[in-house]
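What follows is a pair of complexes built around chain A, which joins chain B in one and chain C in the other.
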Partner chain A sequence: FTASLLLGTTLTISSNHWIMAWAGLEINTLAILPMISKSHHPRAIEAATKYFLTQATASALLLFSSMINAWQTGQWDITQLTNPTSCLILTSAIAMKLGLVPFHFWFPEVLQGTPLTTGLLLSTLMKFPPITLLYMTSPSLNPTVLTSMAILSTALGGWMGLNQTQIRKILAFSSISHLGWMTIIISYNPKLTLLNFYLYALMTTATFLTLHSTKASKLSTLMTTWTKAPTLNAALLLTLLSLAGLPPLTGFLPKWLIIQELTKQDMA
Partner chain B sequence: MAVAVVLLSGAPFHGGCCRHKVFLSLLGPLLSNSKLYSSYRRPGAEPKKKLSWQNADFSFKKSIDHLKTQLSLLTKETQDYLQGPGGHPLSQHVLEQTRVLWQFRSQEDLNKWVISSDVEIGGKSKVYIKLGRNNQAALLYGTLNTEVPRDGETKYSGYCSMRSRPAVGSFNRKKYYDWSNFNSLYLRVRGDGRPWMVNIYTDPYFSHQKDDLYSYFMFTRGGPYWEEIKIPFSKFFFSSRGRVQDNQHPVWLDKASFLTLGLTIGDKVDGPFQLEIDFIGLLNDRAHREEFAYETYDKN
Partner chain C sequence: MDLSLVLNTFTLLTLTTLSTPIIFPLLSDSLKNTPSTITNTVKASFLISLIPMTIHIHSGSESLITLWEWKFIMTFKIPISLKLDFYSLTFLPIALFVSWSILQFATWYMASDPHATKFFTYLLLFLIAMLTLIVANNLFVLFIGWEGVGVMSFLLISWWHGRAEANTAALQAILYNRVGDVGLILCLAWLAYTTNTWEIQQLNSPHQTPTLPLLGLILAATGKSAQFGLHPWLPAAMEGPTPVSALLHSSTMVVAGIFLLIRTHPLLSSNQTAMTTCLCLGALSTLFAATCALTQNDIKKIIAFSTSSQLGLMMVTIGLNLPQLAFLHISTHAFFKAMLFLCSGSIIHNLNGEQDIRKMGGLQKMLPTTTSCLTIGNLALMGTPFLAGFYSKDQIIECLNTSYLNSWALILTLLATSFTAVYTIRMTVLVQTGFTRIPPLTPMNENNPAITSPITRLALGSIMAGLLITSYITPTKTPPMTMPLSIKITALVITILGIIIALELSKLTQTLILTKQTPLYNFSTSLGYFNLLTHRLTTKTLLTGGQNIASHLVDLSWYKLLGPEGLANLQLTTTKTITTLHSGLIKAYLSSFALSLLIILMSAH
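So, the complex of A and B:
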């Protein structure tokens, strides 16, 4: 299944035809489903079902948008997306794939129902192909829609993560928030989106793997990990602060550059 | 409709009255008020006189009062959200080891529970609930009758149960609780020696899992003394539609959404029963280290 995930991701990021990109996304979706539902627990099955339904809808919308564009312009090139309707549909499809507000409702529930390692894949590897598609189509996307979705994602991701007691849900909301930051800058400087994504993937991987090794899935368990692995706990503290975006740590860099770029664009 | 048109057009030789009769006979089932499915009603079920949409109350004043109640609930929920998870500060959530979920001190506490028995399938058991002496406990009592209803399809009968109503927030939204800090159910009861079954229904998102239930037994001692029964959640086994499943897994308590607890008696013994319940709560028993009591169905 991991090989299928890598195949799907590679297929999408290296394609310049919409059908190949869509095929890669579908391979990714289908490959991760058995990994989500591996434990056969009803909650895991529920997570897998929710993931499948949203991702299938998003893939269908993506294909629909590419078909409209192909019908209007006669070509299937990803970078040549010119029809406004298909741009709008693509934006909503990618938002659904990524988990941007208002298409974010599936993400915390799906992440809660999965084991931590699969959750890591869901947060990092599964986000890579849609971000790549956004990067490739960034000149044609509607900045207003993207900006409004990004601001809502950043705000809601932060507020809804406040009273959570399950760590996987907190990390899901953190992912939604970071995706907001990535999306807001894509129309102006797509390279910053990629930088943000790579750093986010690095920090999230560190967080997930630490939590996996300490088997902490809720806050009360996390409170007692300092007795079992004090150094790892300290490292987790720094990683979480970096995820939050505190200045001396790496996580601050993308936020700073994004705000700087937005200021240049008269938006901040 | 198309069939009616074809039949009518294909019968030009008949007189006008015959066409009228054919038309009415074809549309008869649609014109009458009967249901399209079978009208068989189980013996214990009440006859449905009103359709569900006819029960709607369109009073303006009541709707305004209802809206005010819901808005006040929403305000309270927002204030609780600002305080912390579950309306309590985070320190309380992290440090608490016991929590009382339901205690029976007033009629309002009793209204949070629903009693039912095999009368709904045509049986003859009786169950009642009332407040005990000095309003200190709930008394669930009645008579169990295992006589099978004569409807040709029921094989077993004789059960009585008490289930909690699921908690709803403002605008009838589901309330989510996090019980993952606890590992045991704690009940203070005084029974009559009969065994009870404790059922947990975690309302699943999809309807395919709506028959899933987690159950375990509660053996009461009888006698004049109250007993505190601790039932670890690791002991609850998984069943679906009343059949214990091969594929067992522990009950997940992190999203106790719409979770209902039920107490059922169905020990196939005719006669009266009685159970007094002081309170039902949760406990984090640090001495209980078991994760799950049954073998999980792990392949390879």
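So, the complex of A and C:
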């Protein structure tokens, strides 16, 4: 299944034609579904169902947008998405795939239902193709929509994360807010989006793997990890702080650069 | 023979003689002090200090001794210097004479005390600090002496520190003095800032001095000399042993405030506001203290209030622009007040600790020397012609009457003078005359020369001092010589009026009717409600204000409402609302997706 995942991702990334992109996304979705529902637990099945429904909708919307564009302009090139309607639909499709507000409702529950390693794959690898598509189509996207979704994501991710006890849900909301950060800069400087994504992937991987090794899935479990693996606990602390974006740690870098870029564009 | 050299040498010799009992025990273990050595040291010091005084009277020579210059800021030098002028040279022998008598008395009074030597050392330290204050030329050195007397007063008032009232009284003394010190420091700061010197001989202002530093000086005098407003500590200070009351709170420490005003008189004289403040404050203090003394039943408290009243009178004199007359009153007052305290001490010890005059009576027959000296002291206090008090007090009242100043202050002072007569006579009558109210088996005995010689010596001083001092000094301001007869004998008439009223009133006490509690009586007995009102009110306000700022403002408001917790609370409301939105129903989610899509499409067109 991992191989199919990699195949799908590579396909989407290296595609120039919308059909190829769509195919790659579908392969990804189908490949990860069995991985989500590996444990046959009702929650896992529920998570898988939700994931499938949302991702299917998103892929359908993606296809719609590319077809409208093809109908209007006559070409299927990803980088030449000119029709405004199709741009908007594409934006919402990708938002749904990624988990941007207001299309984010599936994300926490799905992540909660999956085992930790799969959750990791969900958060990082599965985000990669949609981000790539966003990157490729960035000049033609509507900034207003993107900005409003991004701001809402950041805020909502933060607020919702406060009231959680399950670690996976917290991580889901953290990923939502990070996605918000990534989206906000995409119309001005897409490279920063990519930078943010890479660093976020790095930090989330570290967090997920740490949590996986201590088998902690609730905050209360996390409390007692210091007895089992003290150094790992300390390392987890630093990683989490980095995720939060505290200055001397790496997580601060994308935030700082994004803000700088935004102020240059007079968006502050 | 160079007179100025002799003057300087003997003054310095006086001061060093006084410090030998402090230094010698530190040098060698065999040179321990005893109460009698300390008394003899002070006696020797007194005799030595007579010589500079004689030289001054003979030739009018004054001198300025600079011992050392403290240069820690180059532009502002503080020379540690002593000014030996009329005031310091005359007060030195008087203070030493009174101290010698008191110390001699204390050898009998504190004989049963296990730490008598420590007591005497404290008294000696106090004396040294007081004399530093007197001879200081630099206000800085004066301040050192000022603080010294404050601290020693604290230590001495709480001598019997097992007694709670003694501790509170000592605290009161320190706090009230401290409030006054603020004024002194304000004046020092202003002086350093404008005139760049703290020397007293450089203090003169041809133009008007601004009122603020002068008010600071008056505040300092109010604190130290127990004027109205900062007065409760003086009656409370009677918790200390009688020699302490005699030395500190009658002759020396409480006059430090007035002495400061005398020294800085050139600054004060040009400012009319400061003068009027002194006048009115002094008049108020003297009347208030006299009123409170009318209904006191503790013999020491009566004498304390009379001290307070006389201090008010001295303040009035300063307000009349007559510093020399104030100094004269300080000197004469020292004699008879110290004697009054010593007599009361003798009475108290002989009655085995009884201080209530309602439980004394008929002591004339049992303690003849003490009571006759008590009578002499009281007469001097009232200003009986040709005793010591007359020379100063009568002159003050004459000047008051013939001046063109405040008539309200005049009326108050005259009223206070008559009250002085009233309470003095009351005390005399209740203590000495009438039938005895003491317990039957009281062994009283005043045959010890340690009691009788100081008291008789001071009695001699009370009689002669006024005459001696006024004959030998030339007044710097001409006293009023001509006035109508009625004004001339005002003081006398008022005093006699007071005596008659007191005698009449005392006849009432022969009958066994309970005194009615009229408002006036309550006012007088509870010391003018001042203690009751201010003590709890000010402290409570200050402390609750502090608590409000510390806990309510800082802890509760800044940290909880506005600061970190407030922010957290803000987030809490939002979080709770949003969490309820995430219900987990896929149908709701998908419909929200569709809705958002529609909105986006709509908004873009």
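Note that in this section the second predicted complex is superposed on the first by the 268 of 268 C-alpha atoms of A that agree within 3 Å, B and C clash if a C-alpha of one lies under 4 Å from a C-alpha of the other, contacts with A are read in each partner's own complex, and residues count from 1 in each chain.
One rule holds for everything that comes next: contacts are C-beta pairs under 8 Å (C-beta built on N, C-alpha and C of every residue); 3 or more make two chains touch, one makes a residue touch a chain.
Since we're looking at a predicted model, the values are computed, not measured.
Touch criterion met: A:V145 reaches chain C, while chain B stays clear of it.
Shared-chain residue A:T49: touches chain B and chain C both.
Of the two partner chains placed by the overlay, only chain C lies in contact with A:F103; chain B stays clear of it. Of the two partner chains placed by superposition, only chain B is touched by A:H41; chain C is not.
In the superposition on chain A, A:Q166 makes contact with chain B only, while chain C stays out of contact range.
When the two structures are aligned on the shared chain, A:L219 is found in touch with chain B, with no touch to chain C. In the superposition on the C-alpha atoms of chain A, the part of chain A touched by chain B in one complex and by chain C in the other spans residues 49-50, 109, 162-163.
Chain A makes touch with chain B in their complex at residues 39-43, 45-46, 49-50, 109, 112, 162-166, 217-220, 223. Within the complex, the chain B residues that touch chain A are 81, 84-85, 90, 93-94, 178, 180-181, 202, 204-206, 209, 212, 247, 249, 252, 254-255, 297. Across the complex, chain C meets chain A through its residues 571-572, 574-576, 578-579, 582, 584, 586, 588-590, 592-593, 596-597, 600-601, 603-604. By the touch criterion given at the top, residues 49-50, 53-54, 57, 61, 84-85, 88-89, 91-92, 96, 102-103, 105-106, 108-109, 142, 145, 156, 159-160, 162-163 of chain A touch chain C in their complex.
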